[in-house]
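Going in written order, the chains are labelled A, B and C, and every chain counts its residues from 1.
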Amino acid sequence: MKTPLLAIAGLKKSFDLKSVLRGIDLVVESGERVALVGANGAGKTTLLRILACLTEPSSGSARIDGWDIVRDAQQVRRLVGFVAHQPYLYDELTALENLLFFGKMYAVKDARERTEDLLRRVGLEKRARERAGVLSRGQVQRLSLARALLHAPRLLLLDEPDTGLDEEGLRLIEDVLAEHSAQGGAVLFTTHQLDRAMKLGDSLLMLSRGRLVFQEKTAGLELERMRQEYQEVFR
Amino acid sequence: MIFFEQVIAILWKDIRYELRSKQMWAGMGLFALLVLVIFNFAFDLRVDNRAAVAPGALWVSFVFASMLGLGRTIAAEREKGSMDRLLLCPVDRKAIYLAKLLGNMLFIGVVEIVALPIFAALFNVPLLLGPLLPIVLLGTLGIAAVGTLFSAMAAATRARELLLPILVFPLIVPIVIAAVRATGTLMVPVSNEPPWLGLMVAFDVIFLSISMLTFQYIVEE
Amino acid sequence: MALARQDTNVKRRDASGPGQAERFPIVSMVLLALTFIGMMISIWMIFLYAPTDAIEGDAQRIFYFHLPSAIIGMLSLGIVALGGIVYLWKKDERWDWVARAAAELGTVFLTFALITGSIWGRTTWGTWWTWDARLTTTLILWFIYIGYLMLRSYMGRTPASARAGAVLAIIGLIDVPIIYESVNWWRTLHPQAVLPLGSSPQLPLEMLLTLVVAFITFTLLFSFLMVQLYQLEKMQTLAQQLRASVE
């Protein structure tokens, strides 16, 4: 049986005085797009940060393409692209310089070419020589997406990618997700919009106070019923 | 080698950050200058006295200027998103440390270059740039090697300006003693002087290695 | 430590329930008893058994307090570093408890050593302080300890704090001999009053014996206090965990 792209087992995380993740089990296969919804503070961002190897879990394990996120962290980082709340860009560098820099950090081959392609892809080729600090929120979001795609990751993590984007930007996200999963990658994204979750995702997950309380394929789910379910969980 | 390419890339990014934000340079240079001037007044400098006091004055001003400068490269990351931007990438943490170290040495070096001629003029001592250079280099490397590591530690706390000197000063005592003595010997050659340069080299090698290896434990969450 | 911020990031250990607290603290009691006995013997030996020093007089007896506490204070840094290294390797917070306890104790012992050393210097040679290699290194070591405690206090009770402490202790430990040597070299150019602190040529047998007994007593005291502090760290951490679980 093929190794799943993402396999999480018993993942727990506590910070300071708070227990944020209380035991997450999840398996995601190649080509799958998983939508994660949950109230603020449910633990969505923490989960993504752990998968991006920015922080270690308190206990439990996660494997990406077979690599352990704690033991093989550097290897995992090569396989993961993360679009977070913060853009993870350098304000005083231009869009082009930002991507070239991260290209170096990820040891991307043909970085120049790839950077120019990506800038075109996200619609920022005209703004390539402007500093990231002067770009609009939506443009920064696109640049951040380009940064996440630079090294052709297998697992794409997106933390509320729809915030700050206009119609065109949203369509871009949809295209990128479709492309990515078609090429065999997997996507895990969080959102507050239930309808978008169901539209873009193959599976729907609900996270409540650090636990997965709902986990099903979106095919065959009714939006109205889901809305009620959602309200139930987050009352 | 990709490792060194990454070091240069990070260093170059930090340099651009400093150049484009135009913050610290003038401040640090001025500060080193002021300390030297104050020392001039603080010590009654007769000819014979001067040679004894001058090296100390010089290195004290360098050390204090270093404390100001050491926070810079780490601060460049901590604003808005902390080091996550870098830590997200599969870049060797040792490369990050080296880049920060070189950046710090560069900034401190600029201050030193400004301060040295003024120092020579104020204290009426020969500049002796040639033989002085290795001493300044080794001394700055030692201070920065330890300082870069600890500025990463202190940056996570509220009282970083206070904590950094408290942590670093005791540890750099050997390098400061050696640097002051080596500089003093240049001005007034003394026989039977212990091998200060050798001590500095040993200190630098040891603490550069340890800092490079332990940096990842400090900087990762 | 009372100064530490009450944060923590620790695994919950549900197994360690109230049952553990009921166990009779036999190790502590034994150490306490031995320490007490040792102290009694030491005090008798220091003040009555040991002969009065020909040159320095009765004030010399401070030496029996000063030297053991100085040595133990310094060795304690080794324990802090050891705890730190094992913590970095195994990520087991108990080793961090050892490190913190050793750091606090080391500071206390070293402070005591500095004060007694200063008093001894004053009564015997007229100066409160001199910059000889040994005393200077002791003072710098003291600053390293204080820096460690401040760092741990500011960073709270988190793994990041433990790691930072471990690195500081390792660097401090390696630096101390280098500091000593460099101050030594520096001193050869500034000959000052050399206080023969503990480097007396030939100690008469009674003095030597007294010193050894005092040393053993201080070691027992150190061990006893280490156990107490370790337990204190453990309980503080458990308290954090309990607070975290009430969510």
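What we mean here is this: contacts are C-beta pairs under 8 Å (C-beta built on N, C-alpha and C of every residue); 3 or more make two chains touch, one makes a residue touch a chain.
What you see is a predicted model; the values in this text were computed from it and never measured.
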Topology of the chain contact graph, where touching chains are joined (line, ring, star, complete, other): complete
Of A-C and B-C, pair with higher C-beta contact tally: B-C
Subunit A-subunit B separation of Cα centroids, rounded to whole Å: 40
Where subunit B and subunit C are represented by their mean Cα positions, the distance between them in whole Å: 32
Geometric centre distance via CA averages, subunit C-subunit A, whole Å: 49
Residues of subunit B touching at least two other chains: 221
Per-residue overlap in subunit C, given as positions that touch at least 2 other chains: none
Residues of subunit C touching subunit A in the complex: 6-12, 158, 240, 243-245, 247
Residues of subunit B that touch subunit C when the two form their complex: 146, 149-150, 153-154, 156-159, 163, 166-167, 169-171, 173-174, 177-178, 181, 190, 194, 196, 199, 202-203, 206-207, 210-211, 214, 217-218, 221
Subunit C contact footprint on subunit A (complex, rising order): 14-19, 58-59
Footprint of subunit B on subunit C - complex, ascending: 88, 140-141, 143-144, 146-147, 150-151, 154-155, 160, 163-164, 166-168, 170-172, 174-175, 178-179, 181-183, 185-186, 188-189
Interface residues, subunit B side, partner subunit A - complex: 2, 5-6, 9, 13, 16-17, 20-21, 80-81, 84-92, 221
